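Both complexes shown next keep subunit A, but they swap its partner, so subunit B is in the first and subunit C is in the second.
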Partner chain A sequence: MKLLGIEAVLFYLLAVAAILFAIFMVTARNAVHSALLLISVLITTAGIYLLVHAEFIAGAQILVYVGGVLVLFIFVIMLVNVKEEDNKLFTKQFLLGGFTTFLLALGMICILLQTQKASFFSFNSPPDVKLEKVQDSPNISPSHNISQNSIRIGQELYTRVALPFEIASLVLLVAIVGAVRLARERKQEKIYG
Partner chain B sequence: MNLIVSYVLPILLQVQMTPTNAPTSLKEKLMEGLFNVNINNFLVLSALLFIIGIAGVLTRRNIIIIFMSIELMLNAVNINLVAFSRYWFLQTRGTIDPYMGEIFTIFVIVVAAAEAVVGLGIILAYYRNRQTVAVDEIDLMKW
Partner chain C sequence: MLNYLALSAPKWLSDSPILHNRIDPDVLDYFLWPLTQIVVLLVVVLTLVAYLTLAERKVSAWIQARLGPNRVGPLGLLQPLADGLKLLIKEDLIPLNADKIVFAIAPIISLVAAFVALAVIPWGAAWGMISNIDIGLLFIFSVSSVGVLGIILGGWASNSKYSLLGALRSSAQMVSYEVAIGLALIGGLMFTKTLALQDMVLAQARLHIWIIVFQPLAFLIYLISGIAETNRAPFDLPEAESELVAGFHTEYSGFRFSLFFIAEYTNIVIVSAVGVTVFLGGWYLPGLSYIFEPGSALFVLSSIAVFAAKTLVLLYVFFWLRWSVPRYRYDQLMELGWKWLIPAALANILLTAILFVIAQQLGLIVSNGNFLEITKLGYVFLIGTAFIITIPITWIMLGQINQRSRDFNLYEAKPLPMNRKK
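Up next is the complex of A and B:
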C-alpha cells in the first residue's frame, strides 16, 4: 500500500492536523472547546479513511460520531454546566500519569522500529497467496466509475456477518434502555415507579 | 540531537532502510521517505493519537473530557483497522476477505456509541447526586 504524490501530501496534512487537534483537545480548558476539537479530529480521520478508499466508514464516522455521539457529549456538557475549571485542569497524579504515558510511548516506538526493520511490510505479496482476479457478484452491474466499497460492505453485513450485526443492534437496544434508566430523575421515578 | 536525527526522525518519516538503491545523504533519505506513504505511516499516526488519548485519560480532571479521550483512543484503533484492511485488500488483490477490517470498524463504532450513551447516563446521575464531575472528588468508595 503506497500513497504517492498528492495523496501523500494530503495524508501528511490530515495527519498533522489530527495530531494537533488531539493535543489541543486534551489540553483545552473549556469542555465545549474540547468537544469541538474532537469533532475536528474525527472529521480529519474521516478524510484519512477516504484516502484509503474506505468511503462507507468515512460516512459512518461522520454520521455516527459527529452527528450522534458528539452532539450527545455537548448536550451533557450543557446539562452538567461545567464552568471553566478553577486553575485545576489535571489531577494530582499528573506526573505519574505522564510518566506512564511516556513508558507506553517508548514501548510503541520500539515496536514501530521493529516493524520498520522487518521486511514484512514490503509491497510484494506473500508467495503462498493465490492471486486471482476478484469476481464481481452477478447482481452488481459493473460500473467502474463508482467505488464498490459501500456495495460490498452492505452485502457482507447482510449475508456473512448477519448474526453479529443483529447482536450489535441488541447491544444498542440494551444501551438505550440502560441510559434511560440511569438518567431519569427522582420525580419521574416517583411517578412511574 | 544526533540521537533524534539518526533514530527518531527515520521512524516518524518512515525512511526506507533497504540497502537496494539506498539514497546516500540524510536529506535524500528524508525526502524519499516523506513522499512515500506506506502502512507504517498509518501505524505511527494511530500510535500517536492513542498515546495522546492515554495521556488525556490519565491526567485530566473533568470526567467528560476523559470520556472524549476514550473516544479518541477508539478512533486511533479504527485507523489501524481500516489501514490494514486496505493493505490486505491490495496484498491479496481482493480474493480473501477484503472487507472484514472495515466491518469490524463498524462494530467498534457501534460499541463506542453504546458505551458513550451509558457513560453519559452515569455522569448525569452522579452529577444529580453530588454536583461535581471532577474525578478526584468522586471518592465515595475510598476508605
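Up next is the complex of A and C:
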C-alpha cells in the first residue's frame, strides 16, 4: 500500500510518536508517568485508525481504553501508592529478559517471513482486500459520504459476529461477578445473606 | 466532502472573485474556512464561559434575594474581565513535593478535552458547524472521557490529601455517570438512526418533532447524570468545600486554576448543547423554514440563535438546581447512579425498543433508508406509550430494585433488620 501526501506525513508522524511513547512508557520509573505515556500511545494509535477510515474503532478505543481502563489503572496506582523504583535500569533479570526478547523477536521474524514470502517488503496492496465504495446518494447527508462505519459495525454485531460478541460479554460478566464475590467479606455475607 | 464544504461556505464568501482568483479552493475549503469557524467559535465560547460565571453569581444572588456583583461596569457587566485579570496576575504556586510535569500537564488535558468536543456540535444549520463526522456522539464521549484524566492527574500530582480525595471521588463519579449518560442517549438514537450530530437534528426536522416527547424519561436521566458528570451541585462532592477545601484543584492557583475553571464551564456548555441536540431538536424550530428560506444566511443565523436560546435555558436549569438542592452524601450519590439511573436507562431502552417494534409491525413507523417515517397515529402511539407505559413500568421496577436499599445503608443509626428475611 502506497501512502501519499498528507496521509503519509501523518502516518509516519503518528507511528514514530507511538513507538517513542511506547519506549518511554516501558522505561519510565514512575507508574503514573507510565500510565500517562500509555495513554499517549493509545491516542496516537487511534489517530492511525482514523487514517484508515476506521472512525468507530478510533472512538471506541479512546472511550474504552483511555476513558475506562486507564482511569481504573491510575485509580489503583494512586490507591496503593506505588513508590518510585530505584534508578538502577539494569538488574540481574536483564540477561533473562534479553534472552526471552531475542527468542520472541526471532519467532516473530520467522512468521513475518512466511506471510511476506510473496512480496517481502513490497508495497503492493494485497488483492481482494478493497473497501467498498460507499454510494453517493442525494438522500444521505454529507457525513455518510465519508464512511458508514457505525451502521455497518452495528449490523455486523447483531448478525454475523453475534455469537463471539455474546461470548466475550459473558466472560466479562463472569469476571465482574467473581470480583464482587471475592471483594465481599464473610461478615457482610452473613448480614445481608 | 469537498463539494459539501464548498456548499457550506456562505455564498458571499465562496463566490467572491477575490478569493477565487487568488486562493486555491482546496486551501479555502479545508484550511481557511474551518480556521475562521474555529477562531469565531473559540472567541464566542470563551466569552460565554466568562459571562456564565457572572450569570451564575447573579442567579444565585437573585435566588437568595441579594443584588449580586454590580460594582465593575454597568450592572457588573465587566466583572468577568476583572476576575480574569486578577487570576492572570496571581502568583503561580507549585507545591514542593508535587510531580511538576504532571502538575503542569493536568489542567491542559482538561482544557483541551473540553475544547476539542466543541468541534462536532451543530451550532446551526449548514455552515453553522465545523465538522459533521460520522461518529459525532461517540467522539464527544471519548473526548470527554479523556477529560477525567486531567482531574485525576491534577489531584494526584498535587501531593495533598484533599486533592487526592477529591480526584478519587470525582473520577469514580464521572466514570459511573458516564454509563448512565450513554444509556440514556441510546433511546434517542433509535429515532434518529445516526451518530452524526447534524444528521440527528435533520432527522428531528424531518419528523417535525423534538425527541424529548418520545423520550421524556431518557431526557430526565440525561439531565441528572449530566449535572453529576460535570461535578456540579447537588453532586459537587469532588470539590465539597466543607470537607475537602476545594477538591482536586486545592493546590492550583492563578492561571492554572483558571484553566480548570474554564474547562469545567465548557463541559457544562457541552452537556447542555448535546442535550439540546439530541432531545430538544437542536437548531430546529417548527416554522423557522417558513420565515427564512432554508440555506440562506439569515436562516443559518436564526438557527444559531435558536440553538443558543435552547442551550441557555438548559444552562439556567443547571444554575437553578445548584442553588435549590442540598448536596448529596457520597454513598447516596453512588446509589442514585448505579441503582436508580442506570436501571432506569436500561429499562427505557428495552421498553422503547419493544414499543418501536410493535409500532413497526402495526405499520405506524416505516423505515425509509436512513430516516424514519411516522404516521399521525404513530405519533400518538409513541408519545402516549412513552408516558403511559414506559414511565410507570420503570418506576415500579425501580421501587422493586431499591426495596431493601435502606438495609444496606451502613451509616444508618438504627440496627440492621437481620431477621427480616423468612
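The working rule: the second predicted complex is superposed on the first by the 135 of 193 C-alpha atoms of A that agree within 3 Å, B and C clash if a C-alpha of one lies under 4 Å from a C-alpha of the other, contacts with A are read in each partner's own complex, and residues count from 1 in each chain.
Everything below uses one rule, namely that a residue touches a chain if its C-beta (ideal position, glycine included) is under 8 Å from a C-beta of that chain, and two chains touch if they have at least 3 such contacts.
All values reported here derive from a predicted model rather than from experimental measurement.
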- Task: Look at A:18 in the shared chain and tell me whether it touches subunit B only, subunit C only, both, or neither; answer first, second, both or neither.
- Result: first
- Would you check which partner chain A:68 touches, where first means subunit B only, second means subunit C only, and both and neither mean what they say? both
- Could you figure out whether subunit B or subunit C reaches more residues of subunit A? B
- Query: Between subunit B (first) and subunit C (second), which, if any, makes contact with A:39: first, second, both or neither?
  - Reply: second
- Task: Based on the superposed arrangement, let me know which partner A:56 touches: subunit B (first), subunit C (second), both, or neither?
- Result: both
- Query: Of all the subunit A residues, which ones make contact with subunit B and with subunit C?
  - Reply: 56, 60-61, 68, 72, 79, 149
- The answer for subunit A against subunit C in the complex is residues 30, 32-33, 36, 39, 43, 55-56, 58-63, 66-68, 70-72, 74-75, 78-79, 139-150, 191-193
- Task: Please give the residue numbers of subunit B that touch subunit A in the complex, ascending.
- Result: 7-8, 10-11, 14, 17-18, 34-45, 47-56, 58-62, 64-65, 67-69, 71-72, 75, 78-79, 82-83, 85-87, 90-96, 98-100, 102-103, 105-107, 109-118, 120-125, 127-128, 133-136
- Contact set on subunit C toward subunit A in their complex: 1, 4, 99, 101-102, 105, 132-136, 138-139, 141-143, 145-146, 148-149, 152-153, 156-157, 164, 167-168, 171-172, 175, 178, 194-196, 198-199, 202, 369-371, 407-408, 416, 418, 421
- Item | Residues of subunit A touching subunit B in the complex | 1-5, 7-9, 11-12, 15, 18-19, 22-23, 25-26, 28, 31, 34-35, 38, 41-42, 45, 48-49, 52-54, 56-57, 60-61, 64-65, 68-69, 72-73, 76-77, 79-80, 82, 85, 88-94, 96-98, 100-101, 104-105, 108-109, 112-113, 115-117, 119, 121, 123, 125-126, 129-134, 149, 152-153, 156-157, 161, 164, 168, 171-172, 174-176, 178-183, 185
